[in-house]
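Below, each structure is written out as structure tokens.
Both of the next two complexes hold subunit A, though its partner changes from subunit B to subunit C.
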Partner chain A sequence: MLLLIARRLGLGLLVALTVMTLAFMLTRLSGDLAISIAGPAATQADVEIIRKAYGLDRPLYVQFFSWVGRAMVGDFGQSYFFKDSVANLIARRLPITLTLGLTGLSLALIISIPLGILAAVRENTWIDRGVTMFTMVGQAIPSFWLALILMIVLGLNLGILPISGTGTWQHFVMPGIVLAFTAIPALTRLTRSGMIEAMASDYIRTARAKGLSRARIIFKHALRNAAIPVVSIAAVQLGFMLGGSIVIETVFALHGVGYLGWESIAKNDFPVVQAVVLVLASIYIGLTLLSDILNALLDPRLRTG
Partner chain B sequence: MSALLEVEDLVVTFGGRSAAVRGASFRVEKGETHCLVGESGCGKSVTALSIMNLLARGGQRSAKRMSFAGTDLLSLSDREMARLRGNRISMIFQEPMTSLNPAFTVGSQMAEVLTRHKGGTRAAALERSVELMGRVGITAPEMRLGQFPHQLSGGLRQRVMIAMALMCDPQLLVADEPTTALDVTVQAQILRLLATLKRELGLAILLITHDLGIVARVADRVSVMYAGEVVERAPTAELFRSPQHPYTRGLLSCVPVPGRVQRDRPLGSIPGVVPAIGPGFAGCAFRSRCSQADATCEHEIPRRQAGGTHDYLCRLAPQVSEPQPA
Partner chain C sequence: MSEPIAIQGPLQAPLTSRVGMTGFAIGIAIVGIIAVAALIGNQFVPHDPFTQDLGNRLKPPFWMEGTQAGHLLGTDQLGRDYLARLVYGARISLLIGIMTVITSGVIGITLGVLGGFFGGRVDDAVLFAITTRLSIPVVLVALAVVGLMGSGLGLVVATLGLLLWDRFAVVARATTMQIRNLDYVNAARCAGASTMHLLVKEIVPNIASHLAVVATLEMALAILLEAALSFLGLGVPPPLPSWGLMIAEGKDYMFFSAWVIMIPGVALFVLVLGINLVGDGLRNLLGSERLR
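What follows is the complex of A and B.
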């Protein structure tokens, strides 16, 4: 088990290093940074001053290692646009994104797991077909459209939830629902197919032959095995939710990390872009590691791997 | 005295199509080993599952009578049947590799049988698990409690299944081809174990098998199944000495029996395959493969007595067993 964690950690570090290299190279590939920072009205002399001031005159490898070295101790430099350090900017926005992501994932799990189980134990009935229909529709609905509909119905017509901003927990309900809908179809279908497979297995026949109650057979013996792929996918989905919530953060005016990343790309604020990419990638790596550990806890056969 | 398990005219259908079991009848007495024997697809496993009410979805059972220790199994609700399973009737299966839940320890899977049916603490249930694992010949039982199924061999897993089946001191053990998936040496050990348990615990065993060698070694009585029917029933020695149904004779000619087979003569075989039995089928299901069949075989076949508790389903009169070659 410890060996497994150590090996996955080492692998995670390698991935993080690769991401750092790519993030660094891609921002440099987008053109001469000094020119784009200086703006269209700048003279050649201005550009040269900026180039020197930001250290862009140094060789690429020097710039890279200086950035990596500082990033290791949490120093991502200054933002060019916001007059603040990149670390501060991200630290302020990360809680919003995390709250949104965790709300979305919790809602998704609370809805999709019971729904998947229900569909599986009622396989081929109208309940099962209803659930399948629901997942198909859920898959097809674009996030921004669902967001707007919710805003109109819950926010304007019924007036029970605030439409935008991040003041209270109520502000996270609607974005959470919209974000949850990006994961619910996949998680529901995965729970359903996992449960159907488990319920048809030999060990469930044994559990029935042992005279166990139906609840224990479904929720202990079958669900434990069906949960293994669901946990893996849920962790990856959370990664998507954290990194890919730009649309939802924009629609609901939630100023999270995704929104920050989008802003910085538009403004060529490349220290911020690099740091956002790195932070999101690290979260992703951490979640993958967490999913591996959870899987090993759920499936004893993986513990020796 | 009534038998421990009585099954009369059991019919099992799947989705209303052809019947998997068409009127099977047999009795299992207290403390006896009763073998259901027949080739693949004859309905023997389905018969076992329908006794346990464990048929796969879509399976429908009906019978004139199906009783266990005086209790009518057909009238029990699902909940009442679950109370009986694992408690007074246990079952073990053909697939030891996949019959245990991979996600839980051996100890927890065994202990839950006892706590479910008899209550009591988990600690007491684990203690009982250790005792039974010792009894079925598992070495280092305390260590096994914390192990997962994937850490055990096939033979060990089947022993765990047997120990688990014994947790509540059942009166009947239904064993569906328990040794088919195992090595020959392990097979012999498991069969010996079943025989010992039967003797020491007074356990009745309904053993489903296709292997006449196993029948000869462990069975007290035999029911031969063909195409969903029990075609011949007899005490084991009697069946081997004077088989009456042409199918039983055919089966016996396919296996080498010491003292009966002659070296230069090839073993027998039964021509053809099991016919598809559609709705409205009447008469003997074996007639298309039988060398002695005639027109009367297309009509209802009487069950004939061949002395004592030996009977069979054929129009032919009982034959006295041929003298054995010296």
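What follows is the complex of A and C.
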């Protein structure tokens, strides 16, 4: 078990390092950073000053290693636009994105697990087909469009929720619903197929033969086994949701990390872009690690690594 | 977004074949109609998608009051014919979907087949590449690339193609592993076939059906992502009528004239649903429950 964790941890670090390299290369794609930062009105002298001030006159590999070295201890440099340290910016925005992510994931689980169970125990009936249709529809709805529709219906027509901003918990309801919708189809299908598989297994037949009630069989025996992949996937799914929250945060002007990423891309604020990519990737890596460990705890067969 | 690789169990038991086939037929019909509209639709629309007419701004579509004859779906905030823009937008969506699938397919299938066929170190490297790719936030990186290098159709395709190969690689790798030691592969090997021949002539054609299912999913994903990027202003540049861009441009007017975001949104939804139905039908036809 410890060996497994150690191996996964090593792999995760290696992946994180690769992502750092890619993130660094990404922000150098545009060519000369100093010119982009200085803006179109700048003179050659301005550009030189900026190049010196931000250390962009050093060789690329020096810039890279200095960035990696400092990022290891949590120092991501200064933001060009916000006039604050990148670490501070992210620390302030991260709770908002995490709140959104957890809200979305909880909503998704609350909706998709019962739906998946319902479809599985009523396999091949119109209920099952209805659930499948629902997942197909959910998969095809563009999230930003769903966001706008919710704004019109819940925000304007019914007037029960604020349309955009970050102030109160009500501001998280609509974004949470939209984010949940990005995960519901996959989680519902996973629960459904897991339950169908579990219901057809030998231990369920044994439970039936013992004369246990249907509710007890479904909820106590089948669900426990079907839940294992769902729980572990939920962690990974949260990682994807946080990465995908940039669109939703931008639509709702929810000032989380994703919105910060969008702002800094629009403002050519490269240290922030690099750091946001790295932070989101690290969270994903951490969550997959957690998922692997969770899996191994739940299923002893996976512990050999 | 992309799906985790960890999923290996049967993700969706096939529907009863009749229902599955109905969905497949509907999907093919939807995609077919949109494809035909994209190819020759402009012949039947009497307007140009780029011509502005500021005297006729935001005219509502035919089912609402105050509509204007000749503009079946109304006009946008610059008085451009909405139907003409919608039809042109179908071309952009399909073009980006197809080109992205080709780009990401080549990358993903190559990696997956190599990893699955050779195993060992090669496979480790491929798995590492997939893991790394999955940890990269797609939307953010795509936005950053387009934001830094300037928006454009070609760049969007290249960016999405370089980001969306993971599922191709996962499926190509898994299916290659299943068939690499089957008799016909070994027979070809004994007959002295080169490795290249084995991969291209024996392996790839036999996993192609699985890859076709992945292709539909990736195409739907690429179309949704392009719309999201264009919606955020960092995808296809105006005045090109990408559906995502049309929704973004209509956003300021949506509280008064909701149809400006409903029309392109529904078009996007229907196209993606159609492609997914085709994918689902293919999966049922193949009985390949292990793919999604």
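The working rule: the second predicted complex is superposed on the first by the 302 of 305 C-alpha atoms of A that agree within 3 Å, B and C clash if a C-alpha of one lies under 4 Å from a C-alpha of the other, contacts with A are read in each partner's own complex, and residues count from 1 in each chain.
To be clear about the criterion, a residue touches a chain if its C-beta (ideal position, glycine included) is under 8 Å from a C-beta of that chain, and two chains touch if they have at least 3 such contacts.
These numbers were taken from a predicted model, which means no experiment stands behind them.
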| item | value |
| --- | --- |
| Combined model on subunit A where subunit B meets subunit C, clash or fit | fit |
| Superposed model, angle subtended at subunit A by subunit C and subunit B (C-alpha, nearest 10 degrees) | 80 |
| Touched partner set for A:Ser232, first subunit B, second subunit C, both or neither | second |
| Partner chain(s) touched by A:Gln78 [first = subunit B, second = subunit C, both, neither] | neither |
| Subunit C versus subunit B, contacts on subunit A by residue | C |
| Touching partner for A:Gln139 - first (subunit B), second (subunit C), both, neither | second |
| Which superposed partner A:Ala209 touches (first subunit B, second subunit C, both, neither) | first |
| Subunit B versus subunit C as contact partner of A:His221, first or second or both or neither | first |
| Which of subunit B and subunit C A:Thr191 touches, first, second, both or neither | neither |
| Which superposed partner A:Thr166 touches (first subunit B, second subunit C, both, neither) | neither |
| Contacts of A:Ser112 with subunit B and subunit C, given as first, second, both or neither | neither |
| Three-chain overlay, closest Cα atoms of subunit B and subunit C, distance in Å | 15 |
| Contact residues of subunit A, present in both the subunit B and the subunit C interface | none |
| Parts of subunit A lying in touch with subunit C, wherever the complex brings them together | 11, 14-16, 18-19, 22, 26-27, 29-30, 36, 123-124, 129, 132, 136-137, 139-145, 148-149, 151-152, 156, 182, 186, 189-190, 192-194, 196-197, 229, 232-233, 236-237, 239-244, 246-247, 250, 258, 261-262, 265-266, 268, 273, 276-277, 280-281, 284-285, 288, 291, 295 |
| Residue ranges of subunit A in contact with subunit B within the complex | 201-203, 205-214, 216, 221, 224-225, 298-301 |
| Touching residues on subunit B, where the partner in the complex is subunit A | 52, 54, 78, 82-87, 90-91, 93, 95, 98-105, 112-113, 116-117, 148, 150, 161, 164 |
| Residue ranges of subunit C in contact with subunit A within the complex | 1-4, 6-7, 9-13, 15-16, 19, 23, 128, 131-132, 134-141, 143-145, 147-149, 220, 224, 227-228, 231-234, 244, 247, 251, 254-255, 258, 261, 265, 268-270, 272-273, 276-277, 280, 289, 292 |
